[in-house]
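This structure is in structure tokens; I'll ask about it shortly.
Chain nomenclature is as follows: A, B, C and D, assigned in order of appearance, with residue numbering initiated at 1 for each chain independently.
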Amino acid sequence: LGVAAFGGVAAAGKSLAAPLAVPEWSEVPGLPMSGYGQPSPFEAHVQRPVLGLYPEGTGDGAGVSFTPLEHLEGTITPNGLFFERHHSGIPEIDPTRHELVIHGLVRQPRVFTSEDLVGMPLITQTVFLECAGNSLFNSLAEPQQRSAGEIHGLIGAAEWTGVRLADLLDLVGIDPRATWILAEGADAAKQSRSIPLSKIIDGDAMVALYQNGERLRPEQGYPMRLVLPGWQGSMQTKWLRRIKLVDGPTQTKDETSKYSLSQKDGRAQQFIFEMGVKSVITRPSPGIAPTRPGLYQISGLAWSGAGRIVRVQVSADGGTSWADALLDGDARPKMLTRFRLPWDWSGEPALLMSRATDEMGAVQPTRMEWYAPWAPEQLYHQNAIQVWSVAATGEVQNVYL
Amino acid sequence: LGVAAFGGVAAAGKSLAAPLAVPEWSEVPGLPMSGYGQPSPFEAHVQRPVLGLYPEGTGDGAGVSFTPLEHLEGTITPNGLFFERHHSGIPEIDPTRHELVIHGLVRQPRVFTSEDLVGMPLITQTVFLECAGNSLFNSLAEPQQRSAGEIHGLIGAAEWTGVRLADLLDLVGIDPRATWILAEGADAAKQSRSIPLSKIIDGDAMVALYQNGERLRPEQGYPMRLVLPGWQGSMQTKWLRRIKLVDGPTQTKDETSKYSLSQKDGRAQQFIFEMGVKSVITRPSPGIAPTRPGLYQISGLAWSGAGRIVRVQVSADGGTSWADALLDGDARPKMLTRFRLPWDWSGEPALLMSRATDEMGAVQPTRMEWYAPWAPEQLYHQNAIQVWSVAATGEVQNVYL
Amino acid sequence: TLAILSNKAEADVPGRLISESEIAAWDISIPPSGAGLPEGSGSVADGAELYAAQCAFCHGATGTEGPADRLVGGFGSLTSDAPTKTLGSFWPHATTAFDYIRRAMPFYAPGSLKDSEVYAVTAYLLHLNGILPEDARLDAQSLRAVTMPNAAGFVAAYPSDN
Amino acid sequence: TLAILSNKAEADVPGRLISESEIAAWDISIPPSGAGLPEGSGSVADGAELYAAQCAFCHGATGTEGPADRLVGGFGSLTSDAPTKTLGSFWPHATTAFDYIRRAMPFYAPGSLKDSEVYAVTAYLLHLNGILPEDARLDAQSLRAVTMPNAAGFVAAYPSDN
């Protein structure tokens, strides 16, 4: 791996620049203040790519949009670019008419409005949220030529503020026979999932009301959603309307037919909740290509549902040699961690890879290692090492080794 | 201070709720995925209040808009609601035509495009940014009846990613005679400020390119701005076009005529850069009022330009007795810290106050203490304790003690 | 959990009390035990009619054509290179079909089917998959009694992975 | 600072080289020393005409009326309960006036004044404030020589507070 630092320049040289001109925006006052700001029109290309999953008229609003990872930096995902996964579109909920009911194996069922929850003791957790189907394109037999975000962008990270779910269960009183909950949304699919009580009692499950400071966006579950740090996204019920305490998993469609992992023997594993240790280089990546030989900064994201990222290694030669990347800032548990490394590109073809290790000692697998236990078409929880090939032209492509 | 915990409820009681109905949004699929999301229409009231400072036609775009603190939670300010302060509006900059020049007492001047900077080693710093004129309304002789954000909302906090300014100065080579820089924007005001080199060399000054993951918003300096953690906002030059290394302060308009602090003797202090230790209760606050006696959660923000917040005390009796609030999450240096405390309101009139202490031992002053050294009209760096009076009706007002 | 628990007047406890009967319209989840399955019943024949009118457009005339998810067939394909996972070949519990169809289908009008219609279309889909005979009728009790072909095809990773 | 410094080919160094002469159009900041003040000059009389045409609308016919910031008068008010801080009563350096008017005024057309016009209107404002006589003319040298009434009225808190 040819890594080197960005250098100081020693000798004064001849100017290569034209004289600086005064642009028109420095000659007349600009736009006034506004109530709610928007990105620059020059950043209009930074969008979530939308992927509907069914032909028009047979499932509109069932699909995904991807966080455009290759256009972002740092670790917070801005609310407008946080990926989406809906099974029946985004309900337009009037918060004054929305309620959350908690019932089932409880001492006394209760109903909560969002104002009830906003007035309760709140906590803040800064964590990622990843779809179990993230990176599914890399489960296909042939490598797809898509951007980093279009492959790995079913993930986002935010500062979530809301009520600890354990506090709400205290208010209804847990019947000792309860071992799981059923969580259900108010969307047209009434999307529903089973969650073990252990994630809630003395756990970090929360009912989130705010995302990055402001109330949740509609596509993130406004006015309230579950957040289950480190666990798969589809359990983190959006538009949360109901929690039922029960004595076992309800076996909903999205924990049997979908979101189960098929083994080679045809049997399917259910209830794999935790997202594995993972990383991806976002710069360079397809469309974010080096333009000439020379020094570059490799930048990427690493995360693990099990806790903190402790190490990210980078290879430029397809995994023959590895160098430790710099982890930026505090690596927080169940949160995206930014890694960076200088890269001195010779202009020869290169194979860039990153490999993350978490505090439990789990190491990100290669695609072959990841695939070993699974049926050929199984695509959930894909956390294999991404390989980007850099051609002599600088073009970056998705390849399998 | 009547503090108490939110309680569990013991006995099953009679239901007070109507049977749950199925709302229309659960009966038909909702909106599809989109490229760039927006807040719920039901949150349309959550806006930055805009305050122009001059009559129309005599200074449009010179003014402020306030972060609506009372509507937010956690510590990150969403980009759309981050306060604004412009002297000549927001320039609509084409990033491909924008350049940053560094010159003056350097070995070799250089010009950088934003693409040049994006390719350099980047760092991320999560810090607040506060206008030196924040809370100025509390410098007026009579307490103004405005919301928490309309008084204290010239502050925001974000995850900033960009280039360490020291790295850029390494590339141009610093002439040993240089002691200050002049930083200048590309707006119509070409707003300019002097910054001592000490904030840069072995300091935390940076040229920010990204805010909360995405490229800076136009009103925050797109495509690049200075971030000087803990220092007054107006130095953190937006739309940064030029840095000149010089041998002393340039004495610009905004460090002499404005942003200097007038003492009682008529002399003015220049170059008070660091923002003082401060806090404000955002809930309850004017417009966010208790509706009945009973339990509430006091929530607020504390910060200090000198480092970490180590303590926030809350009083409900005008400062006679104080209780320690809970600090949520890691109190990070030069970052907003959320504090919270249960409050059992008897229904009697109350005087709510919060008082922050930072890791240097600095304690937030009362309004009288804060005022002691200053001329009556001096309004910068107002970090006095805010007092909210709660009437028996629940109405919350701004009062001076 | 909360730092200190104390008994509080109801006015001071967040939220409002509610009884299970008042939750009925939302309490639609059906576990494998069949607990909560409603009154009513429906026949394969009724289900066939309903399926043709309200489901076939998206799931295909025989449940195998799509464009939306295949609901029928795929038996023996689970260990092949191209497994076809349908209600018949893959789903472990018949209760899940009732639960899901009632809550979410037909796609543009979920909740519009009467309970007896949900029983009927579930019966029809189970029949198309060879699980129920042509003259079958489903109600709470008979649905509970259905054993799905792939019932043994699932392994619970939780709690063993935690 | 960067972890490792090494000599790199220019192609590998971020940014492009530029010379001071090519920066001229942007290099408009004028420190108290007057370094960088341009050629040209302007009289109080020329400034009066220009002020009336291009400034009075916002700053008032005599510089005291507003609505935008008062530029004239306020002497002796700084220790009063209602200080009036103007260019005359408050600003410590005349160079700041040249610098700021050239970069930012008139509000809707900053950069439109020629350097000699900036000298002229600066001269006029200094005259209105009693700092220059009616027949004065300002250029780089004479502007540098102006001592402002409140020059001693500022205390530098930095570096003493850090």
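Assume a residue touches a chain if its C-beta (ideal position, glycine included) is under 8 Å from a C-beta of that chain, and two chains touch if they have at least 3 such contacts.
Fair warning: this is a prediction, and the values are worked out from it, not measured in the lab.
Student: Between chain pairs A-C and A-D, which one is joined by a greater number of C-beta pairs in contact?
Tutor: Looking at A-C and A-D side by side, A-C shows more C-beta contacts.
Student: In angstrom, rounded to a whole number, how far apart do the mean CA points of chain C and chain D lie?
Tutor: Centre separation, chain C to chain D: 76 Å.
Student: Cα centroid separation between chain B and chain D, in whole Å?
Tutor: 29
Student: Cα centroid separation between chain A and chain D, in whole Å?
Tutor: Each chain's C-alpha centroid was found; their separation is 51 Å.
Student: What are the residues of chain B that contact at least two other chains?
Tutor: Residues 6, 8-9, 12-13, 17, 20, 26-29, 62, 88, 101, 108, 111, 119-121, 167, 170-171, 188-190, 241 of chain B touch two or more partner chains.
Student: For chain D, write out the residues touching at least two other chains, lowest number first.
Tutor: Residues 2, 5, 13-14, 16-19, 23, 26, 107, 110 of chain D each touch two or more of the other chains.
Student: According to the definition of touch, which chains form touching pairs?
Tutor: All touching pairs, sorted by chain label, are A-B, A-C, A-D, B-C, B-D.
Student: Hey, which residues of chain D end up touching chain A in the complex?
Tutor: Touching chain A: residues 2-14, 16-19, 21-26, 107-112 of chain D.
Student: What does chain C use to touch chain A in their complex?
Tutor: Contacts found on chain C: 1-2, 5, 13-20, 23, 26-32, 57-58, 67-69, 78-79, 81-83, 85, 87, 90-93, 95-96, 99-100, 103-104, 107, 110, 153-159, 161-162.
Student: In their shared complex, at which residues does chain A touch chain C?
Tutor: Result: residues 54-55, 58-59, 62, 87-88, 101, 103, 108-113, 116-117, 119-121, 164, 166-167, 170-171, 182, 184, 188-190, 192, 196, 198, 201-202, 241-242, 244, 246, 248-253, 256-257, 260-274, 375-377 of chain A touch chain C.
Student: For a test of understanding, state which residues of chain A touch chain B in their complex under the given definition.
Tutor: Within the complex, chain A contacts chain B at residues 6, 8-9, 11-13, 17, 20, 23, 25-43, 46-52, 60-65, 71-82, 84, 86, 88-99, 101, 107-108, 110-111, 118-126, 159-161, 167, 170-171, 173, 186-190, 209-210, 212-219, 222-223, 241, 296-297, 299, 328-330, 338, 340, 342.
Student: Looking at the complex, which residues from chain B come into contact with chain C?
Tutor: These residues of chain B touch chain C: 4-10, 12-22, 26-29, 292, 294-295, 344.
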